[in-house]
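Here's a structure for you.
To keep things simple, chains are lettered A, B, C and D as they appear, and every chain counts its residues starting from 1.
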Amino acid sequence: MKQALRSSEAAERMPDGATVLIGGFMGVGSPHRMIDALVARGIRGLTIVANDTARPGLGIGKLITAGAVARVITSHIGLNPETQARMLAGEIEVDLVPQGTLVERIRAGGVGLGGILTATGLGTEVEEGKQVIEIEGRRYLLELPIRGDFALIAAHRADYVGNLEYTLTAHNFNPIMALAADTVIAEAEAIVPVGVIPPDAVKTPGVLVDHLLGRAA
Amino acid sequence: MNIEMEKIGMDPKERIARRVAQEIVPGTLVNLGVGLPSMVANYVPAERGVFFQAENGVIGLGARPPEGMEDKDLTDAGGGFVTAVPGAASIDSAMSFGLIRGGHLDMTVLGGLEVDENGHLANWKVPGKMVPGMGGAMDLVAGARRVVVAMQHSARGASKIVPVCTLPLTAARRVDLIVTDLAVIRPGEDGLTLVERAPGVSVDAIVEATTAHLNVPDNVPEMRLD
Amino acid sequence: MKQALRSSEAAERMPDGATVLIGGFMGVGSPHRMIDALVARGIRGLTIVANDTARPGLGIGKLITAGAVARVITSHIGLNPETQARMLAGEIEVDLVPQGTLVERIRAGGVGLGGILTATGLGTEVEEGKQVIEIEGRRYLLELPIRGDFALIAAHRADYVGNLEYTLTAHNFNPIMALAADTVIAEAEAIVPVGVIPPDAVKTPGVLVDHLLGRAA
Amino acid sequence: MNIEMEKIGMDPKERIARRVAQEIVPGTLVNLGVGLPSMVANYVPAERGVFFQAENGVIGLGARPPEGMEDKDLTDAGGGFVTAVPGAASIDSAMSFGLIRGGHLDMTVLGGLEVDENGHLANWKVPGKMVPGMGGAMDLVAGARRVVVAMQHSARGASKIVPVCTLPLTAARRVDLIVTDLAVIRPGEDGLTLVERAPGVSVDAIVEATTAHLNVPDNVPEMRLD
């Protein structure tokens, strides 16, 4: 059984400079309470791994605006002009990774693979500096795993042992990121007693979750 | 070209979307990019039994929800509210891109900045100017069974169909079809072939508006726009 | 919407010598009707990819006993003495693959990866003949994708468009195998109207399923 | 050794299972192999909040179901009927082995055919004789944070703890602990160290029953078997 943690307490446990996987797609299915708590704590120098940086004032965009981020590993920053401006000004380092490669690299980090071979990115800038491996006459890029010190996960419902359910397009990177960090912090819209989420509906087993944010005050 | 568009009483984007919709095979899985490509769904009748995928996590993407019934957890890849059709499935990003990269996606429709005589697409970066990132575009072009580029023929007076892409490529793969407001063009081993022209647009006008070399057959029929 | 197919019709479509992925773990979550139909059809020369060969008289064990199988790619044959006997007699070729590597190789085949790097099998017989790739001082085996001509999938419930639900320990290899074959044939304990399985409960989207066996007569 | 076992009124397998159960840390995720290792669960009180994983697809494996209430779709990795505890999760094989290989499994308990002075385990094949296959054993030994081997000290009078494994290895990794009916032995950089002896069993008897070299400290306490 998990102890319910306040978002401010959770944010205190995260040091400046940490590598943080953050769920969500344009703010949908993002851990908004944890993001707000990190902004409030004034955290600095983060490496963020996330699909995108949302928009200014939304989700991960708040961390960008707050100056909390030193580096982003992401697939898309097109809807956040502030990320682009800070990148061009040299304030944020941005590593652009194809979305499918990004999620597979995080999964590889989570399930103990040393790397994966993919055709995505061949013949593009993504190929630069990477090892190319030929198998039966076809070329593939060797892409390496990504892991975080922390993963911040947003779920639809959690139960007391930390089992998580997601809904609709709010799944996105969350179930994969929950596999790939030393410390996994989940926030859910509702926390229900054990047994309310049936075994077949659990998408992230509670054994993966280290901390659960308590009911929003 | 805008004058001609107005003549036939149809917005150029609508023309493109209607023409692309004809490419969609009944009972298949199709991904539509953000922006213009997403308009294609409006012209695909429900009876065709097509499932649209939004790469952010739903198979069976539906139209806009009724006012006031939007669900914050159901959006398309552009972040706009959508619905889910009966028989829809929620999927995470690993499954979503597993479908795209594993050859399960029958077709993708993407916007473009440039397409060249090799059929190469560039659509994710303008160095030093605009760097939105590739999002899912590189996966889609590398993985989808069929790639259709839907875009305006020109931007600010300059042809987007060029001899060789000057912008960074999205993939080494040759796309399968280009649909613009002026023409339908098929890339192949022997370069780009003009296969259809927009209603009221002459072959000469298309060739003039295109910096890439176009193979022009004797007969170039007009697009059917039903 | 799928057409309901009889198991005998489905079996007729499968040629001798095909490579067939078959779900199940010791017969639990195996496509028993399709297996029976293949035995009845007298199919020969199959390459079976499956976690195990169950027991004589159970699940995949029936195909072994019927002499339908030329080769098995599997993690475990210990509970089927007949597989072992036929292997030692040279009648069946058996490729033993660690269970986690087997499922990842099938997944790689299903999601378009050219291969995966894993530490499982290093320093064992599994390493023999494989490429070893060193990354940041750690060694990994390069394991290649597996795909089938057919995948035979057992599900708990299906709906009319082929969306599948699984239950408890009857998931096992089924959701992964459904990604990795040219033709996917699913049998379910019940077929329900579209909408009865909500989007969040779908584990195999219907777009992956080519044929659905009709209600058992 | 059977005479001594009977003296203390406990089956050798039960002794092993009870001793291994003491290794299990509250609140962790543990995988128990088929056979003897699966008996360990009987001696882990529910209050410890341990989740047992069956690699065929459940986290939160429970005891045997009541007679007549068995579910054909809920078994352990040996195919035997089990229950699921409250808070259990169903998982597919990719997630199951993702947990095992990704470092999420705190401990595994496996049977063994041989363990050697390097701490290497052999437990999946007797060439020419018995080839059950490795099942999940190679993944478990390569991936679990802690590997405990639970086995009888000898088979048909021959020591199973040997200088160098003669059977094919399960992994190159050194296991963390060996628990037999006679002893608890810890493999390390400097070989095998005898850390506990079964009640009523002398150090000399253990050394005599073991073909591998054992480091023997001055004080080798008796196993506590609560």
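We adopt the following convention: contacts are C-beta pairs under 8 Å (C-beta built on N, C-alpha and C of every residue); 3 or more make two chains touch, one makes a residue touch a chain.
Not measured: the values here are computed from a predicted model.
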Any chain in contact with subunit B as well as subunit C: A
Centre distance in Å when subunit C and subunit D are each reduced to the mean of their C-alpha atoms: 29
Centroid spacing, where centroids are CA-atom means, of subunit A and subunit C in whole angstrom: 32
Whole-Å gap between the CA centroids of subunit A and subunit D: 36
Separation of subunit B from subunit D, taking each centre as the mean of its C-alpha atoms, in whole Å: 57
Multi-partner residues of subunit D (each touching 2 or more other chains): 58, 84, 90-91, 94, 97, 101, 143
Overlap residues in subunit C, where contacts from two or more other chains coincide: 104, 107, 111-113, 118-119, 166-168, 199-200
Chain-chain contacts as defined at top: A-B, A-C, A-D, B-C, C-D
Residues on subunit D engaged by subunit A in the complex (per definition of touch): 29, 49, 51, 58-60, 84, 86-91, 94-95, 97-99, 101-104, 143
Subunit C partner contacts - residues on subunit D that touch it in the complex: 54-58, 71-79, 84, 90-94, 97, 100-101, 125, 130-139, 142-143, 168-172
Interfacial residue positions of subunit C with respect to subunit A in the complex: 104, 108, 111-119, 133, 135, 138, 140, 142, 144, 165-168, 199-201
Interface residues, subunit C side, partner subunit D - complex: 25-29, 51-52, 74-79, 84, 87, 94, 96, 98-101, 103-104, 107, 118-126, 156, 166-176, 203
Footprint of subunit D on subunit A - complex, ascending: 1, 107, 109-113, 159-161, 163, 179-180, 194-195, 199-200, 202, 205-208
